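Quick one: the structure is below, and I'll ask about it shortly.
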């Protein structure tokens, strides 16, 4: 078998899923690069580092989705993913250099809503195609949508956005996935189903952002100062447990 | 092919592996939600965030195990995983609201030991079923057992429990996996082998917790203050290396 | 089917890929253990914790590579990976105990360059074998090379080395992968191609370290103090966006 000499660049025919995934990847890469430059995430990143974070945000969701579905990740099969994410990162850096802070804040907020539904749609579609159930389809959509942000936040030593107040990030992804699954099961073709699901997710997130809706944060835990230092040996803990079982029962009455 | 209209919820027949995995997932989800509310991990999480962390703790281990074994993750195939983990997270929040701190500390410590062996058992079993060797089976058991905690700790900006003193977390998982592998290879059927391995892992962890056993922490590194700032160019490093090779040899005599 | 009694240790015939991967795994495990003991990463790790980090650095890259390529991870198939990484971690701890700080600094810097090319080579090779394109091959090489360091850095609450100044870590991995792909496509056999790619990656990194070359860090973002607190509702952001669109256009002229 003679080796192919520099012909195996891997460009292949793109499917509808690929087009939606490419929108998801490149818009999320754009947003990832902007995020890396925001003051709450900035950690003296180099240009190479910003491009790495843009890729994490851009193809992270697609890779995690395909790994969970036990497939070769689409971003590795077709180089358009890598090319478009690099272009998106470069454009984001140019915008970051030339634009004013207020424009960048607005753009970032807008893009956060605009980029959100794509991976939720194509993730839910991929899960349905793999004959997983509805709950799994919505879950894959949520994970594909939010995995990139999780990776970036953790790398920047920031608590992941999924876990704290933030205009219904996870819920928007879930609603998008649910909308797509409902359309799909009602027999709506891919493109109109995608449009409906996009409008649901984008509309909900935009409304939440505009009106300042935020997730509910429960009561503060007790003993916030003490932390791990107050950890007891289990012997003490068990004694505590048995002696307080009665008081619990009284409390829950 | 007519689309099925809302019938594809994905519920399917559960295997013995699924039952053990479901115990592992739901008890770990319960513990994950409690952990998210502990003062050393709490970072102003929303209710949605606590549920996300409960899922990370609950199905994280099962997903990592199946991804490593190159299979579709069980928690995506059968929705009972998602339903039971949600229920466990809700119960944990209710307990967190109504119970006293001392009861919660005791319960968390007890559950930490009780939840530990399940993923180690089913992970080792899955690896043996995939015809991997004994070492890989124990390793898959350890990874499945501790992956959820790693994800939660990193997301909460806490150093993962695996790495610091903590009542033999990794060793308990290893002992459980070893006990299961030994039973399995001696021809013991799944259910008694599971019981034996559970007792080994749970018993060891409980003993370690009760008696305050902890892993050995080696000597402190020198120069703890200097950190990355003292990084040298390699030229200096190499000079240092060659000039100190002799002194090393003297030291090691 | 009678169970095999303690014969399934999983040792199997090693391929050329395995030999290169074993060099990659054991040298990276050695470096991972040294890294865990460096003042900027040290977080009161136990001996078990240091071994866990050595495994993360050692087999992390190989596992991530094989998961991305949708294969059973080589480090799970053949126990030599686990045995050699443990040996490397133990040797690193012995060196850490007996050697002087200056020697350790030099050794760590040298090993950082020496360990880098192996996973880039075998990652690129594995991707080409899986009929992925050139870009994907280089990307898999980069990810396999740097994944272990990412996992360790995140666990130690340190910003991943890929993202900040550091003697062209990512670029060195990319150059190694490119060199291997070029050799491979020119028909050079595996072993000479490996040697050429190793010399390219090792030589570039060593030169960068010796001469103190570092990646370019772009201009500082504005408003570094304000952070997430200054986040606006989208309404304000959009108003800002529309009112500044003109000023942008003027700026970009």
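Order of writing sets the chain letters: A, B and C. Residues in each chain are counted from 1.
The rule is short, and it goes like this: a contact is a pair of C-beta atoms (placed from the backbone, for glycine too) under 8 Å apart; a residue touches a chain by one contact, two chains touch by 3 or more.
These numbers were taken from a predicted model, which means no experiment stands behind them.
For the pair chain B and chain C, chains touching both partners: A. Comparing the contact residues of chain A and chain C by number shows a mostly separate set, under half of all numbers used being common to the two copies.
Separating the CA-averaged centres of chain A and chain C is a span of 23 Å. Touching two or more other chains at once are residues 67, 70, 154, 157 of chain B.
Against chain A, the residues of chain B that register as touching in their complex are 2-6, 8-11, 37-40, 42-50, 52-53, 63, 67, 70-73, 76-77, 79, 82-83, 93, 96-103, 105-110, 113, 154-157, 206, 209-212. By the touch criterion stated above, chain B contacts chain C in their complex at residues 67-70, 127-128, 130-136, 139-140, 150, 154, 157, 159-160, 162-165, 168, 170-171, 184-187, 214-228, 230-241, 243-245, 247-248, 251-252.
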